[in-house]
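Shared between the two complexes below is chain A, which has chain B as its partner in the first and chain C in the second.
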Partner chain A sequence: MSDFVFATAQYDSGDWDSAPLLPANVIDSIARYTAIDVAPTGVIVPLAAPALFRYPLVYLTGHLPVRFTAAERENLRAFAQRGGLLFVDDHNHDIDGVFHKTATEELARVYGPLREIPNAHPLYRCFFTFEDGPPTTSHELNGWGDNLVHKTLSGAEHEGRLSLIYSSKDYSSEWNYHPDNKRFLSVDNTKFAVNLVVYALTR
Partner chain B sequence: MTARERVMALQRLLLAVVVLRALFIGASLALLVTAVARLLALSPRATALAATTGLFVAILVLRRGLGARSIERVALWVEERHPALQYALVTATEAPAPPDVECQALATPWWDVERRGLLRTLVAPGAVLIAVVLLLALVPSASTSSIAQRVRAVAGTGAGGVVHDPLAAIHVTVRPPAYSGQAERSLDDPTSVDALVGSRVIVSGPGDAELVRATLDSSAVAASRADDRWAVAVVMPARPMLLRLRSTTQGGRERLVVLAPESDAPPAVTLLAPARDTTVRAASGALVLRAQLRDDIGLRDANFEIIVSSGQEETFTFRSAVLAHRTFGGRSGGTLEARLSLDSLALKPGDIVQMRAVARDANDVTGPGVGSSETRALRVARAGEYDSVAVEAAPPGDPEGQVLSQRMLITLTEALANRRRSMDRPTLLTESRRIAADQARLRKRVGDVVFQRTGGQPLGEEGDAGVPEGKLTPEQLLERARGAGNDAGSPMDVEGDETPILALNKPLLEAFNAMWDAGRALEQGEPSQALPPMRRALAAIERARQAERIYLRGRPAAVIVDVARARLAGKDKGSSAVSTERFTADPAARRRAESFARASALLARDRDAAADSLLVMRVAALGDSPALAAVLDTAARVTRRGSAEDVALAWARVRRALAGPPVRRDSLPAWDGAP
Partner chain C sequence: MPSRADWRRGVERALRAALVALLAVALWRSVRASRPGPITVTAHSSDLREALVQATTTDRAGRLSVDVDGSLSRAQRDWLAALRRAGVQVSWRGAPPSLAASAGRSREPVARVRIRVLTDSARTIVVSDSVGVIDSVHAAPGAALDASDVVGAVTARAGNFAATADALARSERRDVLVLGRAGWESRFVLAALGEAGWHVRGRLPVAPGVSVSDASLLPIDTARYDVVITLDSTAADLGPAVARFVGQGGGAIVLGSALEIGALRGVVPARASERRPGRILLEGDTLTRADLPIRPLVGARLDAIALERQPSGLAVAIRRAGRGRVAAVGYDESWRWRMQGGEGGAAAHRAWWSRVAGLVAPERSPASAVAAACEADPAPRASLFEALGPPTAAANLADRPASNRLPLLLLVLALAALLAETASRRFRGAS
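So, the complex of A and B:
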C-alpha cells in the first residue's frame, strides 16, 4: 500500500499557495497520532490535472477570488464522483469576503448547493472526538474577517460520504506554522486535521 | 277515375307507407340502443353502433316493400285481398280494358279499405318511436346513472364501454412555460414526455376520472373529467420522474409515462476582450471589455463584474462593481461592450482587477439561469518585479540590430545545403558566408548574456578586443568572470560541485561554442557540416530557456517532516476508525446492470412489465447518461409493440449502451500469474 500524500490544490486564479507550511504540519500530526504511512512532504496538484485522482484528500485555500476554469470544474466533478474529498478553507475567514463568495459559488456549480455538516457527523468522531463540532480557531475572533465563531462546517455528500468540506474557520492560518513549533503549544490545534485525513481514508 | 288511376294512387300511398314504416322502425331501434347505451354509460362509439343497427333494420324493412314499385304487383296485391274482383283489376291495369271489365274492377270501393288499412300500419311503429324518444329524454346521464356505476363496478367495463381499458390509448398535451414562447404540442400514446421544466403536462384518456389513479413519484395526483374523458395534469418536475397511471377496473393494469425534463441551459458567455491576463507597470487609460452571449431560449440581461483586490500577505481589501448592465428582452444572442477606466480605479502596485461577463436568462420557473465567462485578470506589478514581468511595450527594435534566431539560421542553412548541387562555388560561398555573419551576430548576443551575468562587460563589435575568437572552456569562462569582479554571489540552486556561475551559464556556453563551430563551417562554404553544431546550439538554448523560466508566485518552501521521529510522539490518543466499505468506482453503472438483468428476466414472461422496467431505468439514466436514456425509450416502445426480432435488436442496443464505448488497448494486459 502506498503512503498517504497530502495534496494542495493549485488553481488558475487566486493565491492557492497562501499557507505553505500547513501541509508539513498536517503530515507531522498524521505521524504523531496515527500509524498511517505518510509521505514526508506534500505535493501541489493542479486542479485541472489528471494527477488529482491520485490523492484521496485535496486541500484548497486562498484569499483572492476563486474562478475555476472549465477544465478545473470538470476535473473536480470527476474527482468527486470517484470518491475524492476536497477540503476548502477560507483563508480570509470572512463570509462577506470575496474568497467565500466566489469559492462557494464555484463549488456549488460543481457539487450542488452546500449544506451544513451536523456536529454529530462521523467526521468529528472518526479519530479524535470533537463533541462541539469543528474546533474553534484563534483567528476567528482576532479582529480580521467576519469576527464570527462558525459553529459548523458545510459541504456536500456523494454516495453517502462527504465529497466536499468547506470551512470559514481559517484553519489555513491556524495550522500554517512549522511543525517544530508544535512543542510550544499546550494543546495541539491540528488534531482536527487528523480526523480529516482519517475520514478521507476510511469512509 | 279509371281503375288504373286508382291503382296508381294506391301504389304511391303504399310506397310512402313502406318508407315511413322503415324509418319508424329503424329510428326506434337506433334510439332504443342509444338510450340503453346512455343508461349504461357506454362510449360515444355505442351511438354509432346504434345508428348502424337502425339503418340496417330500416333497409331490411324497406326491402320487403320494394314490390310496390310495380303497378301490376300492386294490382295483384289488391286482387289477393279482394277476391270478388276476379282479376278484373289486373286486366284493367295492364291494358285499356273493355267497359264491362272496368265496371267490374270498380264495383267495390277497395281503394278506401286499403288506404285506411295502410295508414293503420303506421300507427304502431309511430307509437313505438314516440315511446322511445320519450325514453331517451328520460334516461339520466352516465355520470349520474347508478346502473352505469354498478355495471362498471361489477363488469369491469370502463367509461370506454367498447374500449374496456381506460389506459389503452392515452393522449398527452404539453404546454411549455410562457417565458419560452414555445407552442403547445400533443402526443399520442407516448411512453415518455420530453418537455421544459415547468411545462404543464396533461395526460388524458377515454372514460371516467374514477377509473384512473395517478401517482407522480409516490405522490397522488387527482384525475379530473371533461367531455367523457379523464385527465391528469402535472407540472414537469426538475428531475426525471415516473407518472404511474393505474386503472381501477377489474384486472386493470398499470401504465408508466416517463416525465423527462429538458433543462433550460444557462447562457453561454464568452469574454472576447481582454483576450488574456495582463501584467502592467502602471494602470492608466481605458480597457475595452467585450463579451458574446448566447442562450438556448432567451436572454434577460447581462453585465460585467469587476473585482479589485488590493493588499498582500494576510491583509486584503476588495472592491466590486457592475458595469454595462443591459437587458436583452428574450433575444437568444447578443454582445455586451464596455470601457473600463483604469484611472478611475486608482490602482496601486500589487492590485489585481478581475473581470468577467455575467448573463441571466428569462427563465422565471426554475431560474434565472446564470452563465458567466472565464475570468481575466489585470495585475499591476510591484516595484521588485519589474525585471521579471511584462512591462510597457517597447518601441520596434533597430532593423540593423536584429538578429535571426538559431532556428531560422538552421532553416536557411538546410535550404542552402539542398540547393548546393545546383549552385556554382562562388555563389554558394557568398550565401554561406551571409549566414555565417548572422550566426556570428547571434553568437555575440549569447556571449553578451553570459558575460553580463558573470559581471563582465558586454562583448564589443565583431573583431573588438576581448571578443572570444574560439571556444571557451568553463574554466576560461570562470577565469574571465573572476577577473571581471564577481558580484554574483547570491545563493543559487546548483547541482553537484558546480559553481553557481557555471551552473547558470553552462547551456549558453555550450551554445556559444557550438555556434563557433557552425560559423567556421559556414565561412568555408560547407553548410552541411555546419548543421550539426547549429542544432546542438539550438538544443542548448532551449535547455537554458527551460532552466531559467521564472515563476512569479514561486512554490511554497518545502518542509520535509521527519516522520520517523514524529511517529506516535503525540500525547493525545484517538480512537482508531473502522474502515467502511467504499462504493464502487461507478455505482450508477452497477445499479443499471442489475436493473437490466432483472428486466431481461421479465421479458420472456411479461413484455409489458419488461417495458415498464426499461422506463424505470430510463428515469435514472436521464440525468447522467442521455445516450442510454434514448435507447431505453426506443427499447420500451419496441418491447410493447414490436416483433421479436425488433425487440432483440433494441435490447442489444441497450446492452451496448450499458457497456459504454469500447476501450482500445494497444496490447494485451500484462500476465499476472495463474488464476
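So, the complex of A and C:
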C-alpha cells in the first residue's frame, strides 16, 4: 500500500520553487476531504532524474522562462508514455508572459499541440463538481497578469487519458498559503486541487 | 494273397476314383465361382471415397484394403470403422508420419494465436489457414509460432499428410470490473487493461460514502463482466457478489488485503502473508516484476496451481471455483513496474495484466466455433490407430497365390491320374 506523494518538479531553468507553500496546502486538502492515503510532506523531484517515475502526478510552476534540457525533455516524454500526469500552472497568470510563451513551446515539443480541455471533462466532476469548468482565481478577478478570466484549461492526452494539464489561471498563487489560513475563507479555494489528485489517481 | 495284376487293377481303380474326385472338386469350384460371393476392394487414400461407396453399396464386399499414402479425413476414418462394424474386413497399410497440430487463442481482446506442431522426425512443415500459408517451420520434434490472427482451421502439412486444428474464433469480451481504493495501483491496472483492449469499469472509493465509479456497475454477473479484480479490502462489501459471480462462471483476480475478505476465502487459491519490500533501486536501475514488493502467497489449496514464483515465495496461483476461476496475486504496487520498468516496463505491465485477466476470463465460444472444432483433426495418425487399429502386415494383405493356382493344380493332377491309369491299362494289354 503506497501513499500518494505530492511531487513538485525541479527543472534546470527558471524558478521552479516559486510556490513553496502550495504542496502542504494541497496535501492538507486531500487529507481533509478524502480518504486517500497521502504522505504528510511533498517531495521535490528533478525532471531529468529517474526518480520522476516514482511520482505519477507532478506539479510544475514558475515565473521565468522555461527551457528544458534534452534529458528533461526525454524523461518527460517517457513519463507521459508510461501514464504520468504533469500539471503545469503559469504563476504569472499572463498569456503574454515569458513563462507561458516558453513553457507552452517546450511542452508542445514533448506532448504535441496543447488542446483545450472541455468544461464537461471528468476532471471537473470526479470529486467536487465544477459546473463551469476550472474555478476562477482571485488573481484573475483582480485583473492581475493578463487581465483575463481563462474559461478553460488546456492539455494533452495519451491513450485516452490526460497526460498534461496546463493552466493559465495562476493556481500557484491562489493555493500558495499556509493551510491553517483556510479557516479565514468562506469557500475553500483548493477544492479543485483535490479534483486534480483524485482524477490522477482514478482515471 | 493278391497277385501283382490285382494290385495293378486296384491302383487303376484308385486313379479313376481320384480323377473323378478331382473333376468333382473342379465342378464344385466352378459352380461356386458362378455364384455371387465376397469381393476384395483395394484403394489408396486418394481414391478411397469411390472404394468406400463401392464397399458400402454392394452386399458382396468382404474385404476393404486401404493403402494409406495420404491423410484420411475424419469422415473417411469413421466410414471405415463403420464398415468394419458391419462385417467388412477392413485393413490398412502404410507409414503415415506422426504429426500433430494445435492452435490456441488466449482469452484476451487482442490475442495472438499460438500454433504448435509436433512430428516424429525432422521435417519441414507448412502451416496455413483457410486464407493461405502462414509460415513453414522445421519441426524436430516440435515447433511453435505466433500468428496475429487465423481464419478457419490451421493446417500443418508434411507432404501428403496433414493435421488440422481449430483456433476458436475471437469471442466478444465483456467488461472487467476493478475494485480498489483510489491510488496508483487501481489507476494503472485500469490503464493497463484499457490499453490492452479490455473494457474496464471501476469503483474506487475516495472518501467515506464517495466513490469514483462508472455508472450502473451492479449487478456483478457474467452477463456484464468477464473478470472482477479486487485490489484490496475496500471490495469487502461486494465480496459475496464476487464469490457468487465466480460460482456462475466469472473470473476473479484477488490481491493483497482482498485475499482476507471473508466472503472470498472460500474461492481464493491462497492467502497473502506479510509484505516484503521490493528491491532498492540505484540510480539508473530499472525495475522488473521480480523486484516488486510482494506478499507471498501461503496456505495454497490442494487444487491451486502455482503460476509464478519469486525468491521470496509464491507470487501467483490460480484455481477453479464453481464454474469460474480465481487467481491470487501476491505482487504489491505493480504500477511501479510500469513506471520504473524502463522502456519496456509499460508494455510488459500491460501484457502481464491482460494475460492474467485472460487466464480467468470465461470462454465464450460461439456455437459455430464449437462445431468447427469438432471437424478438426489434430493428430491424424493417432486417430487412425484408434479407429482401425495398427496397420496390417503387407504379406497378409497380398492375395494368396495358392488359391489362384488351385485350378491349374487340379488340372495337372487330373491329367496325371488319367495318363497313369490309361498307361497302366495299355501296358497290361487291356482296352
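The rule is simple: the second predicted complex is superposed on the first by the 202 of 203 C-alpha atoms of A that agree within 3 Å, B and C clash if a C-alpha of one lies under 4 Å from a C-alpha of the other, contacts with A are read in each partner's own complex, and residues count from 1 in each chain.
The definition used in the following text is that contacts are C-beta pairs under 8 Å (C-beta built on N, C-alpha and C of every residue); 3 or more make two chains touch, one makes a residue touch a chain.
It should be emphasised that the depicted structure is a prediction, and the values quoted were computed from it without experimental measurement.
In the superposed model, A:G97 lies in contact with chain B only, and not with chain C. Contacts of A:A78 after superposition: chain C is touched, whereas chain B is not reached. Applying the stated contact rule after C-alpha superposition, one finds that A:S138 touches neither chain B nor chain C. Of the two partner chains placed by superposition, A:N147 touches none, neither chain B nor chain C.
Look at A:A200: by the touch rule set out above, it reaches chain C but stays clear of chain B. Applying the stated contact rule after C-alpha superposition, one finds that A:D188 touches chain B and leaves chain C untouched.
Judged by the touch definition given at the top, the superposed model places A:I36 against chain C, while chain B stays out of reach.
Of the two partner chains placed by superposition, only chain C is touched by A:F53; chain B is not. More residues of chain A are touched by B (comparison of chain B with chain C). Of the two partner chains placed around the shared chain by superposition, chain B is the only one that A:A24 touches, whereas chain C remains out of contact.
When the two complexes are superposed on chain A, the residues of chain A that touch both chain B and chain C are 33-35, 82-83, 126-127, 159-161, 198, 201-203. By the touch criterion stated above, chain A contacts chain B in their complex at residues 8, 13, 15, 17, 20-21, 23-24, 27-29, 31-35, 38, 40-41, 44, 63-65, 67, 69-70, 82-83, 91-92, 97-98, 102, 125-129, 144, 159-161, 173, 178-179, 188, 191, 194-195, 198-199, 201-203. The touching residues of chain B, when paired with chain A in their complex, are 307, 309, 314-316, 318, 320, 352, 354, 356, 374-375, 377, 553-563, 566-570, 572-580, 582-583, 585, 587.
Residues 181-188, 190-191, 194-195, 202, 204-208, 210, 212, 232, 256-257, 281, 283-285, 332-333, 335-336, 338-340, 343, 345-346 of chain C touch chain A in their complex.
The part of chain A that touches chain C in the complex is made up of residues 1-2, 4, 33-37, 50, 53-54, 56, 78, 81-84, 126-127, 159-161, 198, 200-203.
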